[in-house]
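Below is a structure I'd like to ask you about.
Letters are used for the chains, namely A, B, C, D, E, F, G, H, I and J, taken in the order the chains are written, and counting of residues starts over at 1 for each.
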Amino acid sequence: MSTKPSKDLETFVNPEPGRDYTIRIDIPEFTCLCPKTGQPDFATIRLEYVPAAACVELKALKLYIWTFRDQGAFHEAVTNQILNDIVAAIQPNFLRVRAEFNVRGGIYTTVVAEHRNPEWQAPQPVHLP
Amino acid sequence: MSTKPSKDLETFVNPEPGRDYTIRIDIPEFTCLCPKTGQPDFATIRLEYVPAAACVELKALKLYIWTFRDQGAFHEAVTNQILNDIVAAIQPNFLRVRAEFNVRGGIYTTVVAEHRNPEWQAPQPVHLP
Amino acid sequence: MSTKPSKDLETFVNPEPGRDYTIRIDIPEFTCLCPKTGQPDFATIRLEYVPAAACVELKALKLYIWTFRDQGAFHEAVTNQILNDIVAAIQPNFLRVRAEFNVRGGIYTTVVAEHRNPEWQAPQPVHLP
Amino acid sequence: MSTKPSKDLETFVNPEPGRDYTIRIDIPEFTCLCPKTGQPDFATIRLEYVPAAACVELKALKLYIWTFRDQGAFHEAVTNQILNDIVAAIQPNFLRVRAEFNVRGGIYTTVVAEHRNPEWQAPQPVHLP
Amino acid sequence: MSTKPSKDLETFVNPEPGRDYTIRIDIPEFTCLCPKTGQPDFATIRLEYVPAAACVELKALKLYIWTFRDQGAFHEAVTNQILNDIVAAIQPNFLRVRAEFNVRGGIYTTVVAEHRNPEWQAPQPVHLP
Amino acid sequence: MSTKPSKDLETFVNPEPGRDYTIRIDIPEFTCLCPKTGQPDFATIRLEYVPAAACVELKALKLYIWTFRDQGAFHEAVTNQILNDIVAAIQPNFLRVRAEFNVRGGIYTTVVAEHRNPEWQAPQPVHLP
Amino acid sequence: MSTKPSKDLETFVNPEPGRDYTIRIDIPEFTCLCPKTGQPDFATIRLEYVPAAACVELKALKLYIWTFRDQGAFHEAVTNQILNDIVAAIQPNFLRVRAEFNVRGGIYTTVVAEHRNPEWQAPQPVHLP
Amino acid sequence: MSTKPSKDLETFVNPEPGRDYTIRIDIPEFTCLCPKTGQPDFATIRLEYVPAAACVELKALKLYIWTFRDQGAFHEAVTNQILNDIVAAIQPNFLRVRAEFNVRGGIYTTVVAEHRNPEWQAPQPVHLP
Amino acid sequence: MSTKPSKDLETFVNPEPGRDYTIRIDIPEFTCLCPKTGQPDFATIRLEYVPAAACVELKALKLYIWTFRDQGAFHEAVTNQILNDIVAAIQPNFLRVRAEFNVRGGIYTTVVAEHRNPEWQAPQPVHLP
Amino acid sequence: MSTKPSKDLETFVNPEPGRDYTIRIDIPEFTCLCPKTGQPDFATIRLEYVPAAACVELKALKLYIWTFRDQGAFHEAVTNQILNDIVAAIQPNFLRVRAEFNVRGGIYTTVVAEHRNPEWQAPQPVHLP
């Protein structure tokens, strides 16, 4: 497998397609460039999803995240772009992307966006005491 | 852009208007003056909102917060004023303002106020297990 | 204003009466006497309320809390008494009193009591993702 | 009052019977014996209840907990037994018992059991923002 | 009892079958092999379940977990396999399996899967204030 | 034994007089009055000492601390007074008193004072790797 | 006493001049202006000192710190200036000033400066085990 | 090996007698009885030692600690007794015993005692930057 | 001033050259490339120094750190290079560089290197009790 | 490079041989077998060393740690063995090995061992205020 930045999000077949279950992936090492000043921005990206037919391959996800390293990106736009790209790759039942940016000028910013398959029903949560 | 205190809350066009998503902004460096004693008060201001047509510009928000520096302001009133000012600027679908004031006389005070667009429906939360 | 213990809970006019919003006040320095042994008890008192026409004045609240200093008080009774006294003073839409007592004999006790205005509807909570 | 282990759970009259309120009691010093090996087990016991006519007396509760010190007890059974004994003593509207056992062989076990008075309605929770 | 790895999940009779209660078991010492590279993977496995007729025996559970030590296993597949094996052994009313894998290449992965007995109703949660 | 405030610091015979060892006592519930305003001040008092012939009795220490409850006391003076009183009672080889006062006006104050028996040699510390 | 910013550092007589003891004062609410951009900077100032004939009065210290609120000040220079001003006021045996500035541009800065009376000997520290 | 309380501290041969190295053992589950009131006391016992010819066997240490379960013991005396017993069993180059007792009456007590072989030199500590 | 990566470490004149004092700078956003695989590495860089005639300018330091973004660098070598470059720029009395790298393959690495002006004496530390 | 367990500790040339500096490596995923019961033990291994001519290669270190996976090893012996093996491979000026074992039977054990090149002088530590 390649070890260069790549927008190609490889997938694999969901091993338990008959069950709704959760996959969470945290990536504390996201970095891109501020489109206004050209200086580096840093963030932690957190994904949580319910797969349908496919799961996203972890190493491909890492190379995809790497492609933002030299790309200018606004906080609100880049979060929605990551959501759109992963939805296009694996068509999940549900996907949430949370981007927690490092402090700039004394201000902390976090952006959260979600995709829901309109034909999918979120499972009724069970909260045991 | 100016680097002086300014009540002018600049905005920019929401890059993903077709989706309800969340923007959180934490500002740990709010300071104003106590209207009774004239002494400085300190607080952390936390915003969370769902944008409609516009988002609030971060640097303008910082200059806006700066305007309270030499202004007398009661805890309950200033929290509601920040809410009202940001609502006027960006007309969001939802905005919550939380002001956590530093201890005074052994007492900690926090004030939280919200605005909801009456025509907007909060998304049904998905709690994955 | 007086700086002596006082049961007189002064109030001020709610600056934003048209909006349901939350005021939280934490008082880590409550102390009273154990009615059985006469020895000092210590607790943190936490209030959260939605004001109607009036808010409770912070300094008066502090002097009110001070009145328990030399008073014997059972855990369950004193928590309900504080609730009753503040309700009498400001008639809030909602008030919760939480008293977290310091450990005694290896046992930690907390008592929580609430008042709700029966004509008031709690706002539907918005949980953003 | 006695200072010996005792199964006798003394009670006192609920000082605010007209209001549903919460009493939480944490006991980090529970110890019993493993019925298989005879070795000591340790746990933290957490109670939360809504009293009806009576409250459980703290010192009596401590002496009751002490009775397990030399008694063999399985995790699942002892948690249910404590629940049953306190219910018999105070007939509360609601009681939850949570037993968090110390690690054994690299495994952590917690057991939680509840009693609800079938004629009692849990108060609708108010979650202020 | 044996002290070797074993897929045999011994059980015991639920001591309080008339009550829905919760058993939580945390196993921070799960290790298996990556099926791609053959290198060790590490995870914390967290179970929570409501027993029906039977409970899972703790020492047998430990020997079962041990069987993965020299077995290749994908994150998503192994989580579902543990769920399926315990369901087969004790037919619980509810079982949740949460596998938190250690970081690999700067990425953290967690997988959560659940089984629900379709004839079982989750208890209505009581959230005391 | 009395359960009233008392300046009488009872002692008992050091059970291991031939060895220099350390006794640490933390008292998070110290309270006195501000001599300027009459309002309550709160502090945590921390003692560490090396006993000579006598140790200080814990319950007597608690009653002694209680005597400050209605006494006006400056931060610097009260810390030195506690040091002097305990030295008079037990003549220790070493005593350190540390008073950590609660925040007032946004400022935190701590005062630390020590007594050393001039004929006593502090043990050479052993710092194991 | 005044409640306006003031460079006048009032003092009071050391109540225990025959003993070397420590006074620590933490001020988390320091703010000044950046001399380059005019924007506010924030810091926590921590003092620790051994008094000689005089101690610094707490309220005066607070009013002194307040004078920096509208003053331009470089990190390194303002820390040394605070040190010099307090030394001039109380001539202590020892004074350490530590200024921890809030993050700017992803960078955290702390400056620490000390004054020692050349005729004063620091006490030999006692580290009890 | 027995699984009953036993004062017999079994040992094994130090596997690296030519090197001074450190063994630390923390036992959070110590319990004894208060000799005044007969009620249970709880503590965490922390050992650190440099072995000479022998090391203390862990399971024997656990059974030894267990012997205090039904024994009355003052804080200062029991700490020194544990020190003396382990010194008698393994004659270490150095042993430190630290007993951290649970809070009683709002007061926390810790006792620390050490044994040093007079012919042993503590290694010069290396503090790498 | 430029806002591009630059090896040029601008300096300014030490405002208090007659006093040895400490400047600490933490930079949590260092990133470079692994020279073996070409993939990004991440670290926190911590500096502490005692200035002589010059101090390092903060914004220039930020641009200097930025130059490593697309540079291959081994952990041990890059830490020493940062040390050497800052020493060349400001000739400090003392400089310590600490690089804490993010986890890779389950392993955490930190490298610490120091420069000392051989004619400079480190100040005798004062540890107040 | 191999990806199998291997006792072969590859090294590389120290890039800054003229300077004493520190390399710290933390390995939270050590596992071996208990020589008495055959069950798995788990530990965190922490190394800190000052290199002489050579440094230890990280991936080789990981494969070396892997070799203990199916090996019986006592706590005290395995810590000393790791120390001896790394000393043999890189002949460092200084090496400290710290092994923190997971809890067993309610007891936590840590073992620390060091090697010092007798001709090497530890650098005089500089503690800046």
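Note that in this section contacts are C-beta pairs under 8 Å (C-beta built on N, C-alpha and C of every residue); 3 or more make two chains touch, one makes a residue touch a chain.
In this text, all values refer to a predicted model and were calculated from it rather than measured experimentally.
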| item | value |
| --- | --- |
| For chain J, the least number of touch steps when starting out from chain G | 1 |
| Chains contacting each of chain C and chain F, listed by label | B, H |
| Between chain H and chain I, centroid-to-centroid distance (C-alpha), Å | 44 |
| Rounded Å distance, chain A centre to chain B centre (Cα mean) | 27 |
| Distance from the mean Cα position of chain I to that of chain D, given in whole angstrom | 56 |
| Sites on chain B at which at least two other chains make contact | 21-22, 28-29, 39, 42, 96, 102, 104-106, 112, 114, 123, 126, 128-129 |
| Pairwise chain contacts, counting only pairs that touch as defined | A-B, A-C, A-D, A-E, A-G, A-I, B-C, B-D, B-E, B-F, B-G, C-D, C-E, C-F, C-H, D-E, D-H, D-J, E-I, E-J, F-G, F-H, F-I, F-J, G-H, G-I, G-J, H-I, H-J, I-J |
| Chain B partner contacts - residues on chain A that touch it in the complex | 21-22, 48, 50, 74, 76-77, 79-80, 94, 96, 104-114, 116, 122-123, 125-126 |
| In the complex with chain C, residue positions of chain F that touch it | 3-4, 28-29, 31, 37-40, 42, 66, 69, 102 |
| Residue numbers on chain D that touch chain B, as the complex places them | 128-129 |
| Chain C residues touching chain H - in the complex, by the definition given at the top | 39, 42, 102-106 |
| Chain G-touching residues of chain H, taken from the complex the two chains share | 96, 98, 112, 114 |
